[in-house]
Structures are given as C-alpha cells and as structure tokens.
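These are the structures in question, set out in turn.
One chain, chain A, appears in both complexes that follow, with chain B as partner in the first and chain C in the second.
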Partner chain A sequence: MTVLFGIFLLTLLVVTAIGIVRAENLFTAVILGGIFSLLMAANFFVLDAVDVALTEAAVGAGVSTVLLLGALALVPDREERSARGRRLALAIITLTGLTIGYATFDNPHLGDPDAPVHQHVAPWYLEQTPILIDIPNVVTAVLGSYRGYDTLGEVIVVLTAGIGVLFLLGLPGAFGDRKPEDVAAGKTYLNHHLVPQVVGLLLVPFIMLFALYVQFHGEYGPGGGFQAGAIFAAAIILFALIQGEREALNLIPPRVLVVLMASGALLYGGVGVLTMLLGGNFLEYGVLSSNPVQGQQWGIILIELGVGVSVASVLLAIYHAFAARGR
Partner chain B sequence: MEILGLYNYWVFIVLLMIGLYTVMAKPNLMKKLLGLSIFQAAVFLLYITLDKIEGGTAPIIQADAIGQIYANPLPQVLILTAIVVGISTLALGLAVVVRIHEAYGTIEDDQIQQADLRE
Partner chain C sequence: MAPLLDGLSWFLLVGGGLFVLIGGIGILRLPDLYTRMHAAGLTDTMGTLMILLGLILQAGLTLAALKLAAIVVFLMLTGPTATYALANAAMLSGLRPKNVEMPSDLPEDMQF
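The block that comes next holds the complex of A and B.
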C-alpha cells in the first residue's frame, strides 16, 4: 500500500514539474512550484525522512514560494514564447536521460537492506549515538555534533547569501538609502478580505509557539534550528502579509535583524572557540561539562539555537528586501 | 512488481531532465530559476531514496523498541542543510533577476543579449 502511495505521489510530482515548465504565466508556475515542494515533502515523509520532510514543507512550500512571489511582483509575470534551442535541448536531455536510465538497472532496489549505503558507516552512527550523545534523534546528532564543522559552513553560506541579497536590493533602515518611512504603510494585500485577516492574525502566535517547539524539541523528535528558523520567519511573514510591510518592519527593526543574522553564526562559532579555550578541539562539545555526554547535549542545544536565529533572521531579511523594494 | 523498486530512480531522472531542459531552452530568467529548483529537488529525491530500508522507520531511536530497523540518517542530514542553502541561493538568484529587470527592462535572456550588443 505504501509503495502504491509513493508511486502515486512521484507521478504527481512529474506532472506538476511538466506543468511548471509549460506554464506561460509565471504566477501559475510559482504556485505550481509550491505544490511541487509540498508533494516532495510528502515523498520524503513516505521515505522515512521526517526531518527533511519538515524542512521541505517549511522552506520549499512556504518561504520559497513567498520569496518567488515577492520577486514576481517586481518583474513581468508573463514569459515570452520562444522555440529557440528547443530541439537541441530535447535531444540532449533524451540522450542524457536514457544513459542515466540505463545505469539505474544496476542500482539496488528501493528499501534493499543489502544496499552498499547501509553497509559502510551508517550502522555505527545508529549504534553509537545513544551511547556517545544520548539524544534520540540521530539526524540532529549527526547535524550538530559529528558533522558540526560542515553545518557551521552551511550557516555561513546562508548568511553570505543573505548579505548578498541585502547588497543587491537594500533593506530600508539598514542597507541602502531608503528609510522605513518610505515603505507604504497600512494593509496592502488583504484589505478587502476580512476572514483571512482575522484568521491569519490568530494563527501567528501559534506558528511562533510551534517554531519554538520545533527548535527545542529537535533533539527528541523531528526538528531543529533550520526548520524552526524557517517556521519562525514564516510567522513574521504572515504578519507582514496581513498588517502591511511597514508594520512588520516596525515589529523587528531591520537594524536588529542584521545584528541577529550575524549573531546566530557568531554564537555557533563562539561555542567552537569556547570548547577550544576549555582544552578541547574546535566544536568538541564533550569538554563543556564534566560529563562528556551532557556536554555534547549542551553543545547541540547551543549551536541549534545559533542556527535557528541565523536562519530565521536571514530569511526574514531576504523577504523584507523583496517586499520593501516595490513600494 | 519487482521492477517498481526502481521507480524512484526513474522519477529522479525525469525530474532532473525537466530541470535541465528548462535551464537550457527557456529564455525567461525566472523560469530558469524554477528549472534549477526542480533540478535541485531531483537530486534531493535521489539522496532520500537511498536512506529507505524495508520495514524501517525514521531515525529517531526508541529505547523500548528492541530490534527496530532505522532509516539511514546520513543522506537525510546532507539534504536537510542542502534545502536551506538551496533557498538562500534561490533568493540571491532572484535578487540578481530583479536588478537585471531594473537595468534592462526585460528578463528574457535573448533580449538582454541584444541590448548588450547594441551598446
């Protein structure tokens, strides 16, 4: 039954992707993109990747659709017809697709326990995590501790992309010449729709609460800083859509946002420096407490907090950069 | 039924090729970015397909479930952070597209090239 459900979802995914490519109205394409991400999240869930499904649902279906719509408000929303290079592109993808497709017949089947990927180091992580770190969610343990260097790198990449967007588009009150007072005040999007306004505003505190739950329960269930950051940003974005861009800029001033962007990454790196001062290696959390297992847990909670703050503020700053540019 | 075990890989290939086609054949820059997102999502799907074990569950250890099989956590960690990095790079791409539109008045790459050649 699960297999059939998976095949159904995957087929819908292909149909949606073709819809995105064929849609001449870019607004349609972007909305289909949101559906594509939601279907992808459902697929990840069927494939036992709950953390990834949560991330894809929050980031892909939620925030990235909003960002695409924000950008679409600033550019033409119709694509011009063009048949240039179409035949060549079709020939290339057919040839490449068939070549990779031929190679799949040597691949292990879905769920095969003897597949090479399950034989090498993966069992070690599943066996040793309860002993060395003692938190139930192995994904969080690998993300925060075993692979802490790489996750720090990812946070820096997110921060760098955020800085790049701010340099390109500016953020009223923090980057560029514009001031928050230049941004149109008042309800701009939903001023004729009372029900979404009231219901949406009621939801905002609960979304924030859920973000905090995902942040601090990430060691025990699906979740962590990346997901919580995206969900928290989504709550503020919902507030901005209902109450207007100016109100949202007043709620969390852009200057504070820019400081938060950097301080999340700084907290992460600071934990690394602290462990060095305490006599361990960079990001070796064991030295944070007399009990190495507890030290690991404290370290993971701290760096996840840094990740959450950085991701939330970067996504929010990017949203503001697009939303405030138009008006 | 046996051959359906490869269905995930075929969907991965089709999505990858749809993404590649969009980037190559569509002149609209927004469309290109959407195609790039599809291409990227296809790679995510391939990695997540690898983690599944028959009869397994999500890699959250339950102390009272002895002998429980868990999915492979390593591809999941890789893709989790890749999704967040993916949206950051998408945002950067969108910002560049917005600036291109402000400078050229169009987001079709052939028209942008013509405008460059005229100068």
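The block that comes next holds the complex of A and C.
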C-alpha cells in the first residue's frame, strides 16, 4: 500500500515539476511550487519522516509561497523567453539527470535494514536517547543535542539570509529612519472582503496556539523550533493580510523584530557559552542541571526556543521588507 | 451496534469518495472557472466532510476522533472561505462567467 502511495505521489511530483518548467506565468509557477512542496510533505509523511514533513508543509508550501508572491509584486509576472543556450541547458540537464538516475541503482532498497544509514550511528542514537536525554522524539534529540553544532549553523544561516534580504530591500522603521505609522497607512488588502476577514481573524489565535504547541511539544511529538517559527510567522502574515501592514507592524514593531532576529541566535549560542562557563564543552547541556538528563532536556528546550524566535522573526522581517517594497 | 456503525461509516467513506470523484470529473468537464470551482468546492466540503466523519466512526471514542473532528471544523471554516475568496478575486480581476448574460444592475464595484 505504501508503495502504491509512493508511486502515486512521485508521479504527481513529476507532473508538477514539468508544469513548473512549462509555466510562462510566474504566478502559476509559484502556486505550482507550493503544490510541489505539499506533495513532497506527503511523501515525507509516507516515509515516516513526520518532522521533515511538518517543516516542508509549513516552510515550503506555506511561508515561502507567500514570500515568493511578495517578490512577484516587485517584478513582472511573465517569464522572459531567451532562445540562446537552451540546447546546451537541455543537454546538461539530461546528462545530470541520467547520472543521478544511474547513481540510484547503487542505493539500498527502501527500508533495507542493512543500509549504511541504519548501521552507522542510528542504532546508538536509538539505544542511548532514552538513557541520556529521556525524550520520546529521537529526531529532536539528534537535532538539538547530538547534532547541536549543525543546528546552530542552520540558525546562523537563517539569520544571515534575513540580514541579506534586509540589506537588499530594507525594513522601514527598523533602524529609526521611518516610523511604522508611515508604512502602508490605512492600507488593507482584504478590507472589502468581509468573509475572508472574519474567518481569517477567527483562525489567527488558533494558528498561534498550534505554533506554541509545535514549539513546546517537539520533545514528545513531531515538531520543534523551525516548524513552530514558520507557523507563528504564517499567523502574523495572515493577520497582516487581513488587517493591513500597519496593524501588523504595530503588533511587532520592526525595531523589535530586528532585535528578535539576533536574540534567537544569541540565545542558542549563549546556551553554548553558558555550558562552557559551567565547565562543560560548548553545547554540552548535561552541566546545566545537577541531573545530566534534566540538563539535556533544559538545554534542548532553550535552544529550540532560540531557533523558533529566530526563524519566526526572520520570516516576518523578509515578509515586511517585501510588503513595504510592493506598494 | 458495531455492524451498524461499520455500515454507516462505510456508507460515509464510499459516499465521500464518490463526491471527490464527481468533483474531479467536474473540474475537468465544466466550461469556466466559476463552474469548476463549484465542482472543486464539492470535493472540499461534502467529500472531505463525509470521509472524515466516516473515519471518526471508525476511530470510536478516542483522541484520534477528537483530532479528526477538529480537522472537520477547520476545513468547514477554511474551505468555503477559500472558494469564496477565489471567486471574489476572479470576479474583481474581470473574469466573467461563460454562457451567462450579466445583469446590468450590478453594484458599482463589480462593474467594468
């Protein structure tokens, strides 16, 4: 049955990918991209990678589609056709595709217990997590503790991307140049659409509640800072679409947003420095409490909070930067 | 009691599947965006509603049933709203239904 679902979803993925390539209207391409991410999320779910599926659905299908639509407001929505170099591009793509296809023949079969990925560190993670960290979701343990350096790197990447976008587009009001009151004064996108406005406002608090659940339930079920940050940002973006930029900027002023962007990453790094001051290694959470297992749990909760704050504020800042330019 | 619940649940599941199928055929066969959205709305509301209710009956009095019920509530709120917003956006961007005489006494913001 899983194989049937897999074949169905992968076929749809290929159809969507061809659709994206063939679409000349960029708006269509962006929407198809969202569908692609949603199908990919379903694929991850079928493969039992629920955490990844949640991230893909929240970031790929949700927020990044909105950000791309925001970017489309700045550029023409038609693709420029250039006839030059298309044969060469086709040849390179065909060659790459065939190479990748050939390489998959060496891959272990799906669910093969002898696959290298199940032989290396995975058995150790599965055996030691209940003893060392004592949380049910091993993915969170790997992400937050065993691979804490990698995750810190990812947060820094998110922060750097946010800084890059703000350098390119600027965030009005962030550095005291303009007040949020000047931004999009009285402009609401949906102010004459009563039904979406009422239903949307009704949903915003529930989306925020769900974000908090995903944030703080990440040790027990699928979820964590990345997913929660994206969902929280989505809730504020929905609020901004309904009530207008100004209300959203009053809610979380740009100056605060910039501080939040940095403080999330700072909290993560600060936990690492704290563990060093307490006599452990960088990001060795065990020293945070007299009981090493509890210390691990505290450390993971703290760094997940840092991840969530950073991701949410970076996504929001990028959205506001696009929205301020789009008018 | 169990056979009755099972029968009802299968009726709902099959009925929901049928509505999804009809919606799919409708999206392919109907002439323009508005009529196609009517078909897609059928999948959104009747199709998912019946399938999820059927699944709730299968789940019995468990946490899973509560979660499914929450999904039903959210879909009932968001599905029709999305359909409405899409139709509204299409209308405002100037797309007119095919094969239909538009009334001349439309409100001002809907005239072009």
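Everything below uses one rule, namely that the second predicted complex is superposed on the first by the 318 of 327 C-alpha atoms of A that agree within 3 Å, B and C clash if a C-alpha of one lies under 4 Å from a C-alpha of the other, contacts with A are read in each partner's own complex, and residues count from 1 in each chain.
Here, a residue touches a chain if its C-beta (ideal position, glycine included) is under 8 Å from a C-beta of that chain, and two chains touch if they have at least 3 such contacts.
All of these numbers come straight from a predicted model, not from anything done at the bench.
Visitor: Touch check for A:110: first (chain B), second (chain C), both, or neither?
Guide: After superposing on A, A:110 lies in contact with chain B but is clear of chain C.
Visitor: Output check: A:290 vs chain B and chain C. Expected answer is one of first, second, both, neither. What do you get?
Guide: Once the two structures are laid over each other on A, A:290 reaches no partner at all.
Visitor: Kindly classify A:202 by the partners it touches after superposition: chain B alone (first), chain C alone (second), both, or neither?
Guide: After superposition on chain A, A:202 lies in contact with chain C alone.
Visitor: Which holds for A:48: it touches chain B only (first), chain C only (second), both, or neither?
Guide: In the superposition, A:48 contacts chain B only.
Visitor: Using the superposition described at the top, determine whether chain B or chain C touches more residues of chain A.
Guide: Between chain B and chain C, B touches the greater number of residues in chain A.
Visitor: Regarding the shared-chain residue A:193, is it in contact with chain B (first), chain C (second), both, or neither?
Guide: Second partner only, chain C.
Visitor: By the touch definition at the top of the document, which applies to A:2: first (chain B), second (chain C), both, or neither?
Guide: Neither partner.
Visitor: Which part of chain B faces chain A closely enough to touch in the complex?
Guide: It is residues 2, 4-11, 13-22, 24-28, 30-31, 34-35, 37-38, 41, 44-45, 48-63, 69-77, 79-81, 83-92, 94-99, 101, 106-108, 110 of chain B that touch chain A.
Visitor: In their complex, what parts of chain A are in touch with chain C?
Guide: The contact residues of chain A facing chain C are 192-193, 195-196, 199-200, 202-203, 206.
Visitor: Given the complex with chain A, which residues does chain C contribute to the contact?
Guide: Residues 74, 77-78, 81, 84-85, 88, 109.
Visitor: Which chain A residues qualify as touching chain B in the complex?
Guide: 3, 6-7, 10-11, 13-14, 17-18, 20-21, 26, 29-30, 33, 36-37, 40, 43-44, 47-52, 55-56, 59-60, 63-64, 67-68, 70-72, 74-76, 79-80, 82, 84-86, 88-90, 92-94, 96-97, 100-101, 104-105, 107, 109-113, 115, 117-118, 121-122, 125-126, 129-130, 136-139, 142-143, 147, 150-151, 154, 157-158, 161-162, 164-165, 168-169, 220-222, 224, 226, 229-230, 311, 314-315, 318, 321-322, 325
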